[in-house]
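Chains: A, B, C and D, in written order; residue numbering restarts at 1 for each.
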């Protein structure tokens, strides 16, 4: 489906290795459920410890999942030996983040050697009913646009030179 | 310092009660360190379980703290019996989120009966040196702008009517 | 294609009447090239007086077209007698805004009685070659997400009550 | 007031020369009213041809002024021989853009060798009364955050390499 051509033949392993280092993803019990050039879907079960005042998932938890989905979508197209960091993102919260699990679908909108722009949709999946009547519903709860920077090495956000200013 | 006049004389208690219900804030070990009309500062210690691939705090953890700071800054000016929910936010990630603790300073830019706009700066505080030579440095790591909606009751994001569409 | 059901049977006339009052659209020589429930495409020819320092279209000109496309997409689903105003938007500038004409395609992502979220893509169309060999190319130059508020009457941005604060 | 140290001693001339090439600024009758390291204020008179449906300034016109203010604020700190282009911006529209003139105050939040983040406030100035009783009021109508990229030469947005993908 994706028409992007990865620069790094080992992109899938690179994504999985980096994802395994993100302790936030482990904390959220998130996993990679789809991985293709320019496309990464992450899923996490609802868990009560990431709630806001009404018990819905906190916008920051939703944003964590979407930010990583966009980051890894960008990373699928990055050259070997690089790292990808978010420069900025904006999230629109469309509906209460409540459900059995959340799925963030990150997609590359425009790749670049320096900057990549991605878009993620976050869905809440809920199951209802019993046995044969059991049905699952999916609802769009948030949408995020992100700008990501591709760096030669695994360094701090923006540039190392920037830090010395 | 703040020139905003709260509509709810019990705003401080209302903020503290709502904050205590946000399980995400407890998960981050966040606390309220400043509370005034239109102004809320939240602080959280660095903790390794909210990291990204390089060990810095994940952008979603930084965003959680800033989103709640902006939300409670807006809530200080809301009428009694209302709830405040983020409609959207945008965060610029300015420097690696690394330090001993993070402080998100949420400020109301423009209050409204329906929509309120807030701005938050997130700082990383780090201490270095020993004894009398111990010094603390503060670095700006992110800035967030948020749009929040004030609702009459504690209901889902956006409107209850919206959900029936 | 659109699955949205308009609340106002006269939505097309309402959009056209409002569009005709936007002097900025006349200044840009913009026109409505697609109009359906939840969908509005606006097109404008490249014109040299809206340039930035390199002669490309200024980001503000691109944003004008996208903001109106999103606003009118939202307006197609609004009740009769209402007005729609942008609360905020974010635009990612993906490529130089250069071409023969620009087309902004605004789409409703989530409609609401109070707030509607839209997404617009802006394309640059360019023609090359002569006669039978003439070909047109389309390039994505920007993407915008917008939050819009639906108001009962034609009033100022946000609420009239807000202004009295 | 500004604590930024410009990398280009001729920054003021560089800003004025680039500003003079932005035909959009001439179209809006905008002028530079403040110029210092990391700080640029642009002003433009209200003009009816840039209106939205209620006669207020179109959000795109407000965004044009703020985008250029942020761009030139970033440009004051850029090295000689570079160009600055907006990668993205987000604008919150806080009040109707109506008044005698608009002033966009762009400020650098964080400069970088590659990316710079700026923040702009846009005010509407209005005069009322006659003679000695004449008073001017200033109202905040919008706030914008921008990410800008500094390029070695005057080239297209993002990278020239990017375009070849």
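To be clear about the criterion, a residue touches a chain if its C-beta (ideal position, glycine included) is under 8 Å from a C-beta of that chain, and two chains touch if they have at least 3 such contacts.
As the structure is a computational prediction, the values presented were derived from the model and not from experiment.
Comparing the contact residues of chain A and chain B by number shows a mostly shared set, over half of all numbers used being common to the two copies.
Chain centres here are means of the Cα atoms, and by that rule the chain farthest away from chain C is B.
One finds 22 Å separating the Cα centroids of chain A and chain B. One finds 32 Å separating the Cα centroids of chain A and chain D.
Shown for chain D are the residues that touch two or more other chains, namely 87-88, 90, 92, 94-95, 117, 147, 158. For chain A in complex with chain C, the residues that touch the partner chain are 90, 92, 94-95, 109-110, 117, 119, 140, 143, 145, 147.
By the touch criterion stated above, chain C contacts chain B in their complex at residues 87-88, 90, 111-115, 117, 147, 149, 158-159, 161-162, 165.
Those residues of chain D that touch chain C in the complex are listed here as 18-19, 21-24, 26-27, 48-54, 56, 58-61, 63-65, 67-68, 83, 85-96, 98, 154-158, 163.
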